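When the chains are written out, they are named A, B, C and D in that same order, and each has its own residue count from 1.
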Amino acid sequence: MDLFLEAENITKTFGGVAAIFNLSFATRKGSVYSVIGPNGAGKTTLFNLLTGIYQPTSGNMRFEGKSLVGQPPHKISKLGISRTFQTPQIFLNMTVLENTLVGCHNHGSSGFFSGALSLPSSRKEAARLEEQAMENLVFCGLDHLANRESDALPYGELKRLEVARALSTKPKLLLMDEPAAGLNDSETGEMGELIRRIQKLGISVMLVEHNMALVMAVSDGLLVLNYGEYLAEGTPEQIQNNPKVIEAYLGMGDD
Amino acid sequence: MKRSVKALVAGFALLFSINAAQASDIKIGTFLAVTGPASFLGDPELKTLQMYVKKINDEGGVIGRKIKLIHYDTGANPKKAVNFAKRLIKKDRVDIIVGASTSGTTMAVIPIVQKAKIPFISMAGSVKIVEPVKKWVFKTPHTDKMAARKIFIDMNKRDIKKVGLISGSGGFGKSGRGQVLALASEYGITITADESYGKKDTDMTAQLSKIRATNPDAILNFGFGSGPAIVTKNIRQLGIKLPIYQSHGVASKKYINLAGSAAEGVRLPAASLLVASMLPSSHPQTEVIQAYKNNFEAKHGPVSTFGGHAYDALYLAVEAIKRAGSTNKARVRNEIENTKNFLGAGGIFNMSSSDHLGLGLNAFKMLEIKNGDWSIVE
Amino acid sequence: MKRYRGFFALASIITLAPILFPVNYFVTVVGVSIAINALIAVGLNLLMGYTGQISLGHAAFFGIGAYASGLLTTLLSWNPWLALLVGLLATWLVAELIARPILRLKGHYLAMATLGFGIIINILMVQPTHITGGPDGLSDIPVLNILGWDIDSDIRWYIVANGALLLGVWVALNLINSRIGLALRAVHGSEVGAQMMGVDIEKIKIKIFVVSALFAAFAGSLFAHQQGFISPDSFSFHFSIELVVMVVLGGMASKYGPIFGAAVLTMLPETLVVFEDYEVLILGAIMMGIMIFLPQGLWVGLSQKIKPLFIKKTISVEPAGG
Amino acid sequence: MSDVLLQSLITGVTIGSAYALVGLGFAIIFNVSDVVNFAQGEFVMVGAMSAVSLLAVGVPFAVALFLALVIAVCIGLILEKFAIEPAKSATVVSTIIITIGASIFLRGLALLIWGKDFHSLPAFSGETPIHIGSATLTPQSMWVMGVTAVLVFLVHQFFNRTITGKALLACSANPIAASLIGIPVKRMMLFAYGLSALLGGAAGLLIAPIAFTSYDAGMMLGLKGFAAAILGGLGNPMGAVAGGVVLGVLESLGAGLISSGYKDAIAFIILLLVLFFKPQGFFGKAGEERV
């Protein structure tokens, strides 16, 4: 099996309370891998650990053989991991296209000096990045809104904009934190469709999601967390029939 | 776009057309710190200028022309002073500038008045304004250098050899501190401690304890505003019985009110104006000073020496214009420089090409605070 | 070039004003002060408006530039241009050093730290009297000379100061529209978001802090030579606040707002000379009023209100709903 | 040297007590509303200046002090109602600017009402100092320290023992949850501003006989109070009190032992160092913020 994303015994505590405890898992390249679990299971904490927003208290994480521990988010982004957020972290002070352009940050090199003087190299690069950003907007069906201020967008489109922006970093792995939260049924359907198309581009996806229908429809593998600990792992069918999982969900009362 | 440009142009034109004044007036420009940290200077100064310009005009003006006073408030900000000086010179086209409450604002405009060749009489204290002499720049207040000398002479008389110095960190205190440090040895006096306090400081006992530890014969404080009053109170609270000297920076009743009983026995050099009612009638300045005091107090409450500086500056200018018979700037400047035996509120002025202040040490009286009021030591 | 349209309008106003009113005080004298203040405000806007990092100590950088020029040209008789360059380098160094720890702070902490920094620098201007001249300031700063041309009259200063302003605006415009500019605005929009897009937020904050400090220091050097005299009062906490007000009044993250803000705030004491005692009151009221009622600033707020009056026709051409 | 040290300590604790009260006000407001109220120092000024005016028109001393506090509280309530509440969705930068604006506005207003003169209040109980070695302690210093201690104790009890106090803290922990369980968040905000204005006003009354007061006396005290609150860890009321006393003592030791000219610089350098190396303050809770 190719080395892709691996976590080894990672633990993260906040003031003595473990949000993630001794968790290990590995994902395969090209797969859609979902993390599920009741509220407070530590799913978002896991994403924050993988993207360098938090550092693990102990344990190891590797991506394509390179350690993620101690890396700040922007370095992790350069390694090829991008993400979307549970509450969209859209730059509301910018247009849709500009948001997506920020996603192209890693693929430009013009700095303060060439930018300030608007050197030809910087202008050429800007044009190239804009093309790249537009492609991703087209891919997510947002191209007609390119010059709209993003704070005027409805919620569903903000969610898709986050995907477009994340895709602009040209990730190998895309972490999606509850992409369907707050979406209506048809929007959720579109999101599922989008996830499949992303997978077809050869980008692996890791998904945190509460909408089980969506999860079961798109996932190749699932990881179930409960109170920050490993509960089960397997294919959608295996998980659906796993008594521990059922108990955890029923015991908690789903949200 | 076109329309808005037109509107803009019209607006500008309107804004700039209002400055036509009657050519027959003598225009005296002034910029003072009427607000801000030095407002206790600028406020009485402006009131004095306004009061006397009105008086002069009521009495028929100067050389047959009325005086027009043009004033801007600097808030003691040198940046504003520079622009206002330019405004007075270029836009208002004044004949002479009488102004600047603080040394900072004065120093800031000196290059401008020198270049514009316009006579400028400052009301600020620092000796740097007239030393070295600048052709177009004069000033009326006693300098900190004079104050330091006056104080040292008094100390010599009382056989005080070691002095603990504390000064404010503002321009006045800093400049005074420099003079004290430079002149002390000339009078055989050692400065045992050199402490300071900030403008907004609320308690100086720490510095004063440090001064006490150096065993001085007296404590000298150079500063203005609330600082000196706090220093005075703190000295007495600490149980320090040493003689206290203050500078002319505290020469107002406010100081006695703030420091209360702690101010008893404090000595300071000050202009005769402060003790107008105690002056012997034989004193040459008595008449001038009494008149100014009465005029000011009739309208504005207790007189301060600062307003007196404005009175002197205004009348130095007016007298020079009278003698010159015109407002020709070069001639007026020459006449200011030729001022002899001018009886002002601050003293008797004798200017020369090497002295653009023209006051002698006798312009200062050494005062002591007794029973909550001034008394003359000499 | 669409992005430079406003720039050309600004350049035209700056060029036309002294031609139409060659001896007018408000143009040739106040115009210089406005240009210098606007230059600082444009730089501060890069930091505050676009990147969302407040600085309550920017007067310090203005002062470092001014004192570097003032001290080196008077005490050491350096060439003013060399002094200016050294002033910029010194500012770079100080800003870079201070930015590292300071910009790790956020919000109120950042405000307090920059404020404290400004006060410390101001004390350093006041205290060593034998070097800086203390509160009495530093006089006899020589005039600037450009290729044998002495900048010694108001109109010449008008040209130099406004030239510098236009240069500053041009640089700021380019920067905002560049890859770096997008990253800066992203930091303002969402720090985690920006980080995830590969923006090294710590580094970029430091860099923009330095750039904006350099704007202020450059203005400071010009100011020192233009005034011929500098004193600590010009670089106080109060001036830092005024700078913030200029940016806010014009509208944060608006391209030309800070210039408008600088113009209004510089003109205010000149036109309100009759209302001396009310000046402080008005300044305070402006700060509160703008932030409560027109948080996007007077410039943006007004232009949004006025725009519809002019471009009604074009609205029907563009699909309104998008 | 030891008497310099002792005197510096006495002075430091006295002025530090005033910083503590102002800092406590900062902390309370920050706790409830996440706003750092830069106008806090103006409460100090308003309290002292009002008392001066009231005494001047012949109001008895104790009544004047009481009315001055009432006036300060009113200013606090007005500030909250008309400047903070309308801008409740504002960003951190906006609220900083609003409160600085309010501070400048109040100063301007004070200038118009009271003029530019310095004023003093009579000491509460005479001026005969107590000598401790060669250091001195004035009765007013004891008033400052004593009343500060009592006020701090009361505020502490209030937060820990009363329903309203606990409710106030709940607002800060989670305003939405607080309003859900029926805590009137709006009224709590008003209450916080009133309370911190009261503390500021009290500081003004206590310190005015020592330091005098004028229309612009509030700014520096406000800044120092803010510094105190940060030293103690923003939002930690008792930390702010400790921060104030520490700041006062450090300043005064700096003036007494190092250099009086650089006294303020010392205070702010310490503040910066604390911000750089221990941004959560001396007494703030350490730990990662959860995103």
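Following the convention adopted for this analysis, a residue touches a chain if its C-beta (ideal position, glycine included) is under 8 Å from a C-beta of that chain, and two chains touch if they have at least 3 such contacts.
Here the structure is a predicted model, which means the values were calculated and not measured.
If you compare C-D with B-C, the chain pair joined by more contacting C-beta pairs is C-D. Chain centres defined as mean CA positions place C nearest to the mean of all protein CA atoms. Taking the mean of the C-alpha atoms as each chain's centre, chain C and chain D sit 32 Å apart. For the pair chain A and chain D, the distance between C-alpha centroids works out to 46 Å. Look at where the CA atoms of chain B average out and do the same for chain C: the two points lie 35 Å apart.
Here the spacing of chain A and chain C, counted between their Cα centres, is 40 Å.
The residues of chain B that reach two or more other chains are 35, 169, listed in rising order. The multi-chain contact residues of chain A, meaning those touching 2 or more other chains, are 53.
Within chain C, the positions touching two or more other chains are listed as 127, 192, 277, 279-280. For chain B in complex with chain C, the touching residues are 8-9, 12, 15-16, 34-35, 71-73, 75-80, 82-83, 86-87, 90-91, 103-104, 107-108, 110-112, 126, 128, 169-171, 174-175, 178.
Within the complex formed with chain C, the residues of chain A that make contact are 51-53, 72-74, 77-78, 82-83, 85, 89-94, 98-99, 101-106, 108, 110-112, 114-118, 122, 125-126, 129, 144-145, 148, 165-166, 168-169.
If you check the complex, the residues on chain C that touch chain A are 171, 174-175, 177-183, 185-186, 188-190, 192-201, 207, 211, 253, 322. Chain B contributes residues 35, 37, 39-40, 43, 166, 169, 195-198, 200-210, 212-213, 225-226, 229-230, 237-239, 254, 257-258, 260-261 to its touches with chain D in the complex.
Residues 30, 36, 83, 86-87, 90, 92-98, 100-109, 111-112, 223, 226-227, 230, 234, 261-262, 264-265, 268-269, 271-272, 275-276, 279, 291 of chain D touch chain C in their complex.
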